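A short write-up of the structure that comes next.
Just so it is clear, A, B, C and D label the chains in written order, and each chain counts residues from 1 on its own.
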Amino acid sequence: MKMGERKFIISSSPHIHDGSLTPRIMWGVSLALLPATLVSFYAFGWDAVRVILVSMVSAVVFEAIALMLRNRRPRQAMDGSAALTGLLLGLTLPPGISNAMIMVGTFVAIIVAKQVFGGLGQNPFNPALTGRVFLLIAFPAPMTTWPLPRDLTSQISSLKSFLGLAVERHADVVTGATPLGAVKEHMLKALPHINMGDLFFGLHTPGSIGEISALAILLGGLGLLVARIINWRIPLTIIATVFAVAFLYYLAVPPKVSGMSPVSAAFYMAVFHVFAGGLMIGAFFMATDYVTSPIFPKGQIIFGIGVGLMTIIIRLWGGYPEGVSFAILLMNALVPLIDRYTMPKPFGWVDRRA
Amino acid sequence: MEYLVLAINAMLISNLVLARFLGICPFLGVSKRLSTAVGMSLAVLFVMTMASTVTWMVYHGVLAPLHLEYLRTIAFILVIAALVQLTEMAIQKLSPVLYEALGIYLPLITTNCAILGVSIDTIEKGYSFLGMLVYAVFGSIGFGIALVLFAGIRERLELSDVPKSWEGAASSLIVAGILSLAFMGFAGLIPG
Amino acid sequence: MEILYAVGILSGLGVLAGALLAYASKVFYVKEDPRVEEVDSILPQANCGACGYAGCRDFAKAIVSGEDIVCPVGGPSVAELVAQILGKEAAEVEERVAFVKCAGTHDRAKKRATYHGVKTCAAAHLVGGDKECRYGCLGLGDCAAVCPTDAITISRGVAVIDPEKCIGCELCVQACPVNVIEMVPKSRKMHVVCNSQDPPQVARKVCDVACIACKICTRTDKNFTMEGNVAVFTGSEGGLDTAPFVCPTNAIMDESKYRALEFVLSDAVREAFEQDKAAYKERERAERAKRAAARKAAQQKKAAAQAGGEANPATDKSAAKPSEDGDKKDDSKKSNESNKIDSSPADGDKKAKKEDKAPKAEDTGKEGE
Amino acid sequence: MISKTFRGGIHPYYGKELAASRETEKLPLPDQFFVSLEQHIGAPVKLLVKKGDEVKAGQLIAEAGGFVSANIHAPTSGKVTSTDPVDHVSGRKVPAVTIKADGNDEWVDLEPVDSPESADPKTLLDAIRRAGVVGMGGASFPTHVKLSPPDDKPIDTLILNGAECEPYLTADHRIMVEKPREVLLGALLEARILGASRLFIGVEDNKPDAIKALEDEVEGLQLPENIKEISVVPLETKYPQGSEKQLIKAITDRNVPVKGLPMDVGVVVSNVATCYAVWDAVYNGRPVIERIVTVTGRGVVEPGNYWVRIGTPVSHLIEAAGGYEDDAAKLIIGGPMMGFAQGTDAVPTMKSTNGVLVQTRDEVQGPDFAPCIRCARCVEVCPMNLPPFLLAAAAEAGRYDVLDQDVLFSCVECGSCAYVCPSRRPLVQFIRMGKAYFRGQKKGK
């Protein structure tokens, strides 16, 4: 072949890549939520499947519509980010919520909290949490109606509703309070007995479908850590902060737990706060959302401590029994400032004033 | 303790901007840059404290004794407008440096309903002079917090690929809405 | 009674406040030049920043404070008004528009590679661009992106600017990494659509519409001069309307006849141009033939009459006069004569001239090959 | 043995096995040479020949146009056929001398330095300057300039850069294995010129044979008086270990300041191939007209290392390596991390050309880039501790006003960030856009 005849591709260096890909990360995180999803299926049956499916599908559909409106390829909606948002939102909803409400939630999450700002990577607030908080404030009653898991009537009715047979779906559902709700209600009185095992495995406590089992979330979270998709900083600091503040609080205000010394009761309650409610899923899956968390290591630690503090403040003193969603949203708002002031100095940086 | 509750309430729970939706105009207008947001916050702190003090005195010193309470809105508007104008002129003359920093925000504050809102609030709620001061100072600090947070987010959005139809005020209002949602988490933080 | 109190208090407050402000405005008076407002009000308010200041207001402040600046967008009319306010002579401002000196569309300019990466000129320029010619328009539209009036069209790999929409803000000139955009007087209608400084033998190989530095235009029309390896129009007048026809590579455009957009991009217009050019050449040949015939006849006449003896070119010219634009053709004729050493495609022309008694029609289409 | 290293960096697929064990061969001379006249950083050269001139190998054809500039010599004997611009690795076209080789390869008379071990630094420097030695690791900064630091910057340490952290390339590896003695002698000359008392040779630990060869040679070496410390330092195999500032950090734990040079911390770093060229210039009086080039990648039939005359067209090199595979899609001068992709193989080799890499279609194709998801991987790997995502975002949005120039220009364009970016964002290209913008501004454009 003659010199110069073959035409090659030109591009800027570097010319190799490690093969990582955003959609793969997104689907990886979704995969890490599999244990929690399975537990939710076990605990709430078909209702869980319904909630998660409606949530995921509507999220992807909204994303595709938004992309089409913006003259982008709607196929980008399959990059896993919308599905992950849908999955996360679904997992934080109570099992009895209606399909319409779920779709309102995903609409807020995908359109209002994400696409308005330019879609993937541009949203300042965690979409799933924005959707959830919106639902919580717009529909307080259905969002705080917690059917008991493994309740036969609810199982049957949920299967019927899944198959489209039942009209009056939630007529016979037996509901209960979430452990956090119970604690809040009884704050000044004697605390109800809480079975820590139930809380950890999540099979008998009412709650959002994906949040009930701390173990399942922990498994997924560890998976993410091992796969190096997230790092330890945010989850660990959140959990440690919640634990520490709760422990100190219950030392100062000793709870009446039968047959325990004040210190072990405080310890018990601190552990309770770590495992209860949405803290685990929040710490491992929501707060670590790349887009809405700080980028620099120092910032991630500040962010984690902030989320932990806000969570426990709202839980202990606030009007809501659960504060993880609010805490993360509030700290999301702080992220640009945190990033700004935690930016590391370049290698060999010389202070200009010096 | 009473004042601490008042302070937290004024700053976070019934945040002027995010819970009571007062002062939205400067909130949107002066939140493009972090530096200007800080300047605006300081200017508001300054003016709000002063305006609340003066209106409190006008109310309790003039209107209340004469049983002319119903005149407070119009009287306050008058007083605040004159005060801001006066302040601007004074600063421009006396401290050009301060004027450079705050000056451009002062005319904006004249039309800031948060000032009037706080002035009237302190009267409505029957705060003592000290209570009024705490309320005004922490109310404006709350305004500042919201403004600075908001400015941070907007600076980030400037590098984002925001759809044309949502650029500027549109997406800013959405941010404000979500921020407001988040601040609702503080609801009930302090009983009463 | 109470109403009197109310009125009294309010007016009292009002008067007090008014008095205070009036007093304050005296005490705290700070002078601001009212002319700033005036100047600001006549500026275009495009806030484009082309003048180098942050918006029109800033510009107004600067010009009032004595800076010697002009608003490139407002042009002479604004400059005059500003000058009136400031009581100064208006600086001479010529209205200018931006022009892209490249017609190297995909089908005319050779590609050297396939470019992958960020789709902006600034980015592509970092790796040299994908055209064999490094002086040409990269066609990724950095200029169009900054144009405040949407005057720039990108099509088939080149940018073309609509002079009617262009406000002369120069933002595109700054945005262009290859410096292929030039500011030209709006009145100028003749352009060389090539920016290549490549030596002729290289330029010829890489682009069909390159200026190949044959210098024909500079010889036929004194409005053209060479700048390195590319001809540029430097004249003040409109230029001869035959200039585009003498260019062997069609790199000269007459905007009074074709809109740049069409000339560069439209095949139909290009074809029409080719036809005009062929017609011109045809006319030219006929003219030469006629002239030669006239000369021959004159010579014969002279020979026959054996009077005078010298065949004066002047008489030749007068013989050729009857046709339109005789002077111009004379110019081009001279150029053709002096072109003999040049190896440009104009050769064909010369041959045609030498054998002008039997003009070959097929010559015409082959120009610029 | 603990290998030293720095913060950040990546572990790409190294691909060195393709050519690492292939002994360097002499490349047959091509018919035509294109000697680029832009082969160094600094003032442009003055052309000394014209079309039609006869030249001999080693003959000066372009003279340094200032102190910071470097001579250029004819690579073989033949006739100058043109001085038209030709392709340059950077993608531009630059003036060049085209020489038609006559095949005799006649040389000019060479003037080696007499007894180099005792010659004074000035003579040595002059020999290096005359030979047109430039940094051969890729930077192509004139070596005689680098070896003349100002008096207020005393140099105590000379570091030999044998890291060769660029994947695929093995040119430096081969020269360390095949010419360890020459490399070391060249380094000693440099150390003497600089007055450095410490000499470190940094080699990545994936080249045990090079470390061994150098260590053996160091042992047998008769050390001049000025050298107090000399050792071969194994470095962790991590990209960009061979980046000057990172190398200095790893070996001496000194931080070269932002906008500073190694000499600000008393160090000079010299590539091993440069040392060889210095040795050649001083001991043999031979100018830089030849170097080792690695021809490698999945897109060539038979990867290998070659002694190549400067100005040889890349097409000739490829031919020697058995030609292209059918699916060759990208031709890169240099390594895959920092090399320059070429449009065609008509581009000539230069003094700084250490490798030619040909990639196949499936190595090149990937998805289009997507928005940043702020995963922070670029921040993690950046050896300069920068926020690449932010610099790129600002450049992409055209918001150059939010960029701190000192931060932006701290970027060494090593490519680690773009290598790990899951959104496949061309971060380096964006950053280079930013730099180009500010450079353009400085020029008053």
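Assorted remarks:
By definition in this document, a contact is a pair of C-beta atoms (placed from the backbone, for glycine too) under 8 Å apart; a residue touches a chain by one contact, two chains touch by 3 or more.
Bear in mind that the values here come from a model prediction, so they are computed numbers and not experimental data.
Counted by C-beta pairs in contact, the busier of A-D and A-B is A-D. Inter-chain centre distance (chain A to chain D, centres taken as mean C-alpha positions): 49 Å.
Centre to centre, using the average C-alpha position, chain A and chain B are separated by 34 Å.
Chain B and chain C have Cα centroids separated by 55 Å.
Centre-to-centre separation between chain A and chain C, using Cα means, comes to 60 Å.
Shared interface positions of chain A, i.e. residues touching 2 or more other chains, are given as 7-12, 118-119, 121-122. Looking at chain C, one finds that residues 112-113, 116-118, 123, 126-128, 130 touch two or more other chains. Counting partner chains per residue, chain D shows two or more touched chains at residues 91, 340-344, 364, 371, 396, 426, 429, 432.
Taken as a graph of touching chains, this assembly is fully connected, with contact between every pair of chains.
Touching chain B in their complex are the following residues of chain A: 70, 112-113, 115-119, 121-122, 124-125, 130, 133-134, 137, 310, 313-314, 317-320, 323, 325-327, 329-330, 332-337, 340. Residues 58, 62-63, 66-68, 71, 74-75, 78-79, 81-82, 85-86, 89-90, 92-94 of chain B are the ones that touch chain C when the two sit in their complex.
By the touch criterion given at the top, residues 7, 10, 12-13, 91, 167, 245, 249, 255-260, 313, 315-316, 323-324, 328-332, 334, 336-346, 357, 359, 363-364, 366-367, 370-377, 379, 383-387, 389-390, 406-407, 410, 413, 415-416, 418-424, 426, 428-429, 432 of chain D touch chain A in their complex. Looking at the complex, you find that chain B touches chain D at residues 158-159, 161. For chain A in complex with chain C, the residues that touch the partner chain are 7-12.
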